[in-house]
Amino acid sequence: MTYIPQRPPVQYKGLSLVIARLATWLGGIVIPLLLQLAWPVFIAAIVVIVAFVWVVGRFINPLLPWIVRDFIVVVGLLAFACIVAIIGIWGERKVAGRIQSRLGPMRTGVWHGWAQSLADGLKFVQKEDLIPREADGPLFRLAPYIALVPAFCAYLALPFGVGWVFRDADVSLLFVLAMLAIEVLGVIMGGWASNSKWSLYGAMREGCQLVSYEIPMGLSLLAAVAATGSVSLVQLGEAQSGGWFSWLIFRNPFLFFAFFTYYVASLASCKRSPFDLPEGESELVAGFHTEYSGFRFVMFFFAEYVAMFAVSALATIIFLGGWHSPVGGPSTPLWFLIKSTFLVWVQMWIRWTLPRIRIDQVMHACVKYLLPFTLLLFLGSSLWQLIDNPTHPVFEGFAHLLHYGLGVIGLLLLGLYFAGMVYGYWNRNRLVGQMARKHLPGA
Amino acid sequence: MKEIELHSQPDLLHDGEVPSDIRTEEIMLNMGPQHPSTHGVLRVVLQTDGELVLKATPYIGYLHRCAEKIAEKVTYRQFTPYTDRLDYLSAMNNNLGYALAVEKLGGIEVPPRADYLRVIFAELNRIASHLVAIGSYGLDMGAYTPLVYSFREREWIMDLFEAACGARLTCSYITIGGIREDVPEGWVQQCREFLDYFESKIADYNNLLSYNHIFVNRTANVGICPADLAVAYGLTGPCLRGSGVAWDLRKATPYCRYNEFDFDIPVGQGANGTLGDCWDRYFVRVLEMVQSVRIIRQALDKLTEGPVQTKVPRIMKLPAGVVYYEVENPRGQLGFHLVSDGGTSPYRLKIRGPSFCNLSVLPVLAPNCLLADIAALIGSIDVVMGEVDR
Amino acid sequence: MTPLEIIELLKKHDADSVVVAVADGPYPHVVITAEKLVKVADFLKTEPRLRFDLLRCISAVDWPAKNSIELAYDLISTSLGHAFAFKVLLDRADPQVESVGGVWPAAQWHEREAFDLMGVTFLHHPDLRRILMPEDWPGHPLRKDYQDVAEYRGLKFKP
């Protein structure tokens, strides 16, 4: 007799019974019916949205204009963050494919699989909601939200340009850092509540790593704060309004290195390779989110990409001139997006090139090397401000020389990057090659 | 509840000592038969104290398919496809070992063209097998890209195999008496093109993986296996050579005209850490691929015309007797202890899988490693469960 | 050293242990008595002119016609390059022999396999349990008179 496991029958009670019945009615009757009538439903939806906007504009806006504006901006930010995650996931897969001499998604959506993330989202949404029997129910359910919501909240204080910010707080830098740090709680909760030793390992490694790397991250940013004297992101951005050479990264050599230490520490805080030990795929299956499936997993996944963009945005605003153009044109949020996207692309590039670092080496690198170095950078940047002023003309001249020298080095690095890009594209067949060969018989 | 004593002065003499009544527990962790980095259905039960591994016990047998019992029921020629599936990544080498064992007991001579072709296919399969080993080792360490690159090269070798025998992986091409059929026209030219293309790619792997600082940190000084321990535990192949022992059957007891070729035996030298660590074992595999290319080039030059098969009856009988024959597989020495009683099937065929012996050293090397090092260890031993479990 | 020289050396060391010596043919070997197994193994490993340090294989062969189980030990020397083999014949009703794990640690897993598939008990083995079959499997599958089980843990097998 073959062994067939018996599942206890599910019994809903009370509110969950109502919700289950509602879901069945919606999913089984209403939505298929609507899908049958696609075009009329689409037009009806547009009519409903326009009516809703008219009602809001006519009746609610005159009473509480601020609530309408806040609501719209928050919804817009949420939408932007979701789009960032969706494009980020698709971009990651294309980038990974190209680095690995293959193509990446090509089929979903006619052009280069752009709809792959949407298809994946649809797939995840309709998956069975599995919770391990011995898992800690409330914590297990809560963890993805605690991982995702603070990552969204970080966008509330991120300025995309002057006037393009939800709340221009005086301490917006601290707010963003604080929000990004809450994610640790979600990860540890998820790993603990899964009741699996492998998830626990992922969670514990994550806890160590994230908390430790917050310090070099914050210290590198503090070096920049010391240079401008403000913790407000808008003011930090506005301090770099004079073109390429006014960017904070070139102001003094300490800030130049601070950018790189911040970038490395932000890789660790986003759990990106080479610091992706908490979700180390080849050792821990999937680390702290092994037991998560369906939409809960999507939340962890989104949290990663949202946080990636957020830390890149932070680096852009503080070190790379934010929304200011390097060549002297108008300063638009478009420049901000271009620079942040470039930093996200570099994150992906690093992920698909480097192996993973072991947890004890991660901690050694942080405590023994990165932490003293960033302390030094902070100290150096603060002292630089003390003596880089007209009362020390010799030093001021030397500082100016260094400033423009660093700017030139930055230009050289950028030129090197573009030259490498052209060289790689020109020789792409020899360097990366193709999976398909055309010279074999039958091909 | 003990009363908490407050000291006004810090007790620096006893600062840092953990009170002995704090309870720490060891975790029994199951790296189950399904795991991304156990290279097949290997189960390792780990006893860990946090991240430190105290004890590792491998459990095998999840891929046991009774090959040795089946050998007693089928004829000699019918058993060749079963040898494909032992170490499924190096089917040609397994075929070669079995064919040589049967030929030795039966006194069957093989024509020279078949010998050279056997060497070419065995070495091509060695390259393919090492490509998988290197790629998947990079994957274990978190480098996703070298895997795809090595599989890209391996695709060409698979295409060469498919052109010759119709199968990519489980070829059954080297049979008793020679080779099943001759290579098609233009195959030799394709093979030479592949060799020219492949040599430049090895530098890619070295740049991307072998000399990568992070990879070296993960694998150097991990799982150090001294030479005497390696020999004592029966390690063979790159695991033994990585510990510094220059022992290769192709040089020591040459078979199949290997004594006519000029090649070196790469031996671990502790270049990036200690002699006998994971990096040495890995790098020996990279260097062996270079040597294989050399051998194939020489074999292609020496290829003579002629038949590729000595006729053997379909249901053949071997004279009663015993033979033990070993060949140098990519993973070590594959041995066949063949006992015949004069019948049409082997009386007893014991297969000595190299990974079976290589894996026995895991419980010795694992203690005092970190958890992440277990993946490095298993990947550097490079087990294929097909020949561990047979 | 040729197989004949190896056999001469062994006989000179302890002539009582060698029952049969075969120096020619595809498989030169000696058959030794089971009681002298560890001593002969130790001699083969430590004697400077022999130095058989790599135990390649332990094969168990079932001979119901001769009412014995034969264990074949295949050796090779990584320092001197020569190969040799020796066999031990055990009583089929109760096959027991000393473990050579003290001489060659490689023997441990081979002996576990011989125990699992052929039923040979190795005395003083540190961890003698089944290795390929499940822990509670009845019988020893590679024996010539092995009958397939009809049912294992609720799973039925058709013959």
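Labels A, B and C are assigned to the chains in the order they are written; within every chain, residues are numbered from 1.
Basically, a residue touches a chain if its C-beta (ideal position, glycine included) is under 8 Å from a C-beta of that chain, and two chains touch if they have at least 3 such contacts.
These numbers come from a predicted model, not from an experiment.
Trainee: So, comparing C-alpha centroids, which chain is the farthest one from chain C?
Mentor: The most distant chain relative to chain C turns out to be A.
Trainee: Using the mean of all protein Cα atoms as the middle point, what chain has its own Cα mean nearest that point?
Mentor: Closest chain centre to the overall C-alpha centroid: B.
Trainee: At what distance in angstrom does the C-alpha mean of chain C lie from that of chain A?
Mentor: Going by mean C-alpha positions, chain A sits 61 Å from chain C.
Trainee: Roughly how far is chain B from chain C, centre to centre by C-alpha average, rounded to an integer in Å?
Mentor: That pair's centroid distance is 25 Å.
Trainee: Using the average of all C-alpha atoms in each chain as its centre, how far is it in Å between chain A and chain B?
Mentor: Distance between chain centres: 41 Å.
Trainee: Mind pulling the chain C residues that touch 2 or more other chains?
Mentor: none
Trainee: Over in the complex, which chain C residues touch chain B? Could you list them?
Mentor: Contact set of chain C toward chain B: 25-27, 29, 53-57, 59-62, 72, 74, 78, 81, 83, 85, 104-106, 108-110, 113, 117, 130-134, 141-142.
Trainee: For the complex, give me every residue of chain A touching chain B.
Mentor: Per the stated touch rule, the residues are 96, 99-102, 197-198, 201, 273-274, 276-277, 280-283, 285, 351-361, 433, 435, 437, 439-441.
Trainee: Could you please specify the touching residues of chain B with respect to chain A in the complex?
Mentor: Touching chain A: residues 27, 29-30, 35-37, 51, 138-145, 148-149, 152, 155-156, 159, 163, 186, 190, 193, 208-209, 212, 214-215, 217-218, 370-373, 375 of chain B.
Trainee: Which positions of chain B touch chain C when the two form their complex?
Mentor: Listed in rising order, the residues are 60-61, 64, 66, 68-69, 104-105, 231-234, 236, 240, 245, 247, 252-253, 321-324, 326, 333, 335, 337, 339, 347-348, 350, 352, 356-357, 359-360, 389-390.
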